[in-house]
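Chain naming follows the written order as A, B, C and D, and within any one chain the residues start at number 1.
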């Protein structure tokens, strides 16, 4: 039963036994096992990534009333492998005047910024890469590296489109980090810790019921952070051809592409972890670590599916609208929500569980309603000013 | 030498090389990227010092925001993508001398200071550095006032920067 | 165990490199880059003194956090000034911005 | 919530309403009156809860609700402020809350809410009506008050002042509420500040009450300096009172208690418009009618009497003070009643009757009839509020007629322009009749009968001259009340306007109906036990309840037939005579009582004008301005001028020019210029070179400090 409960420890003990049997010093063996663990995790993720391509294509087809890949293998399952082979054997071009080092470094950093996120993901009660007590900040830090890779790619390509794309994307990512970090502090308040593991453990009630508005803001900010439609400023096929990765081909492009998909899936996962209890599901996670992982992945897929749903439903927003939306709406709402939550948390500290949940939920709804009303009246004002009707126009005359 | 020391030396050397490239490289964009590398090095130093919060904030604030600003600013203030002319001014030799003198003075001070022999004590059990830092920043007995002043400073800087850089055309 | 003096010398070196950049670079942005290096070296010192002093006294980290805030403020205002100067005078070379005399 | 918390909260809503309306909602009329009435409703609710809980407490007088907080550090002790609800406060809260709420609601209709904006209305003037087109024909309807929101803000503040005064447990906060009301009365009497008469009336009210306030403040200060306490509970202890009684004050043979009481009483004379400071109250009729009701029935004048009642334990210590109070009260009662006989303005009659009725209360207090005074205070508040609101309703109806005929010179307040309104405005008539009968003391059914009868009974038992005076005043009261009712409502309409008068909207009539219920019913809680037939059917609840406020429970006076018969005779006789006299009078010329000295209010205003105002103006102009200011002070200044100029010239020529200018001024400039020339080379404008210089200096100083200073 131990293996089912805590497979990692059983496997590590087994490996340690083998390595010491070979006469390897303890420290080296530990380091080697650590590396092996990382390697296995990354390998599994990359395999998952390949299937994400297939999932993405299947889902978008369904949204668009098509069937999607269906020729190669059952349900077209082999199709992504064919894609990989195509990418691998494609000519790898570097534009003239490109900054070679940065040009080659960018896709690696892009992939890396996603993969290092998995270091703090609690897959099961016993399986957790690093229980960083600042996990929430760590997620943002990894996002910062993603921004860096995009700027690198955009600049080093020596291409105006890619530079503009990179600028836009960097501006968006920098801006949306703020509401994202702010709402991530709300689960932190509930858990009393920034550690992702602690946040998962603390969710006897899913944070979504305590802070529905925070969950929504997090999802919006995450979509912007991912650079996915409706916030796909960096790529914007119809304006910038393909944005910051225009000059990349072959596997380098493949890394950007795979990075983006995995990133989306990862943020679906974080959404699940921060607001939907992560691997927890009515105690099922205690039965077996594998079950816990399955629960987490199921939830992550739901989040991922919602992100896809948004992507293939909404149109792209203009860059200035988007930034204005962030700075003038999302960020203030996130701040107000954070303050409200902190206040309610202090006020309801001694309240019964149901009162606490109800109070939190209602305060969220209230903040959401008020902010929507404010936004509505602001937009009405703007519309009347532009149309030259109403009070705004008379005022400015 | 222990593993710790080797890791430290590697990181320190990398950081210093990156820092050196920041001040010498002719291409400002490269200088900015070298700065990012140096800042990563400093973040790693923080991690070695078990100041995990500082390490992560270093990445978020410096690499995520400040470096981006630098890159933006570099790109916004050029007539073309390549740099022309020397990047060092006429007095660079004297500047280098002064910097060396400052370094020598600092090393001399460190050398002469008795406290340098201190060793790091182990962390007390269940000591939560992040929690302690958070408490210190908002506790009225500790640093809530500097913290608030810093936040006011940031707001003022934000407004000032927007005002200064705003294009009135 | 890494001795404290290594950290101090490392930060002194980082500081001096930054100082050199500030004193010698022609480009205003490069000067700001140098200032960033100097601020970082200060932070290394603060963290090191915290680690090698009484770890329960969190003052060193608090100072470092405030230095972060100051650095962010300094960069945003500094770069805004640089951009403003560039708009008005079409240059970012420090030697060419010498109206502050006589 | 605990009762104490509610008491603290009672005054708050109107104050909040004031700020909300002034700061935010003054553009929105509906929102403003909603806020104000909502606030009044909250205060009303709080008052009712407190009243209900107060009823539930056995012997509330000895164990009142109190709560206090530290306010000012006075040396080692704290000056505390707080709230106190004893039987007196509970009853006062009861009637204040009711009347205030009614007046707030009434104001909505009175200021023509929902009507169009006027054609030529200006802020500061009463609305003049608006022309509307309906079914193809133009006609004039009342227009909404232009400063509608402001009105509600002011009366909100007014209500705040009154509630504060009532719930205070000490003289200081009582005085604060008192002064807030003084300010509000000024603002509200001068509400239509476009009219000169309103302005003058506002200033007059403010100045006259101010005279009383100054004496009151002196009394408070004296009391504090003697006892070191202003809290009622602390003052009304036996030891403190005894101390106050035995220490002589050194003024006219008064004891300290007597002098303090007298000073406080002068404050009341101002606030409750007793002779000789009564002159402001009739003029205060310039304000809108709800304000008249507010000032003259519900709050301000009641506040004066309330304060005297509150301080009764102190006042009653000195017989000399008591006789002054009794004299002034009785005199005012008769004096004002005679003036009221000859007034033609419907509101002025009521104003003088208010002064007269307040005189009854003061006189009752002066002869020690504590409970009777409280009783009459409450019943009077209800029926006088009713009468004022009713008169406002009449005026409103008359204005309707004026709009209809278009003759704006017709005074809608003159009773001789009315007549026959009974059929036009039935609700107003019946409620006004109830109020008028209550004022007259119509036997058995009205509240006024019981309270006035109790005063007369007490007066008969204690002080015969006062009894006689009050009896005559009561007769006159009934007489002029009937005169008013007859002229206004009975008979035939005397003008076209009266013929077209119209019943007022429900917002005005509902308060009238509610108040008339109280004007009848409230008397039954205080029926004396030995009253023939009715006595003992209902226990004399009021006597038990209020009596508990005092340390010694006052004895009920023996029943006697004389005062009862007297009050029956004067009430019924006055009413009957009034009807007989005036049923056929159609113009002022036919009125036999239009005597000059009554019409002109015994020339008190003119006497004050000649004795105080004119000399003051003469003194200010001739003595202060012409002699002191222009002659003396300006003369000294004119002397200074040339002398200073001479000294200045000397200094300039022999010190300034040679020494300061040439040597110090030019010399330092030259030095600066020379050194600047030499030093300018190091200022290149290049920031990095400055930095280098700074660094060199820093390193040098560091080295010097390290090697030479610290190492030593």
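Throughout what follows, contacts are C-beta pairs under 8 Å (C-beta built on N, C-alpha and C of every residue); 3 or more make two chains touch, one makes a residue touch a chain.
Worth saying up front: this structure is predicted, and the values here are computed from it rather than measured.
More inter-chain C-beta contacts link the pair B-C than the other of B-D and B-C.
Distance from each chain's C-alpha mean to the overall C-alpha mean is smallest for D.
Inter-chain spacing, taken between the CA centroids of chain C and chain D, is 68 Å.
Chain B and chain C have Cα centroids lying 6 Å from one another.
Shared interface positions of chain A, defined as residues touching 2 or more other chains, are absent.
Looking at chain C, one finds that residues 19, 23-24, 94-95 touch two or more other chains. Shared interface positions of chain B, defined as residues touching 2 or more other chains, are 53, 57, 65, 72, 89, 91, 94-95, 98, 102. Per the contact rule defined earlier, chains pair up in contact as A-B, B-C, B-D, C-D.
On chain B, the positions that touch chain D within their shared complex are 89, 91, 94-95, 98, 101-102, 105, 109.
Remark: chain D residues 680, 683-688, 691-692, 695 touch chain C in the complex. Chain B meets chain C in the complex at residues 2, 4-5, 8, 12, 15-16, 19-20, 22-23, 28, 31-32, 35, 38-39, 42, 45-46, 48-51, 53-54, 57-58, 61-62, 65-66, 69-70, 72-74, 76-77, 85-92, 94-96, 98-100, 102-103, 106-107, 110-111, 115-121, 123-124, 127, 129, 132-133, 136-137, 142-143, 146-147, 150-151, 153-154, 156-158, 160-162, 164-165, 167. Those residues of chain D whose C-beta lies close enough to touch chain B in the complex are 688-689, 692, 695-696, 699, 702-703, 706. Chain C meets chain D in the complex at residues 19, 22-24, 31, 94-95, 97-102.
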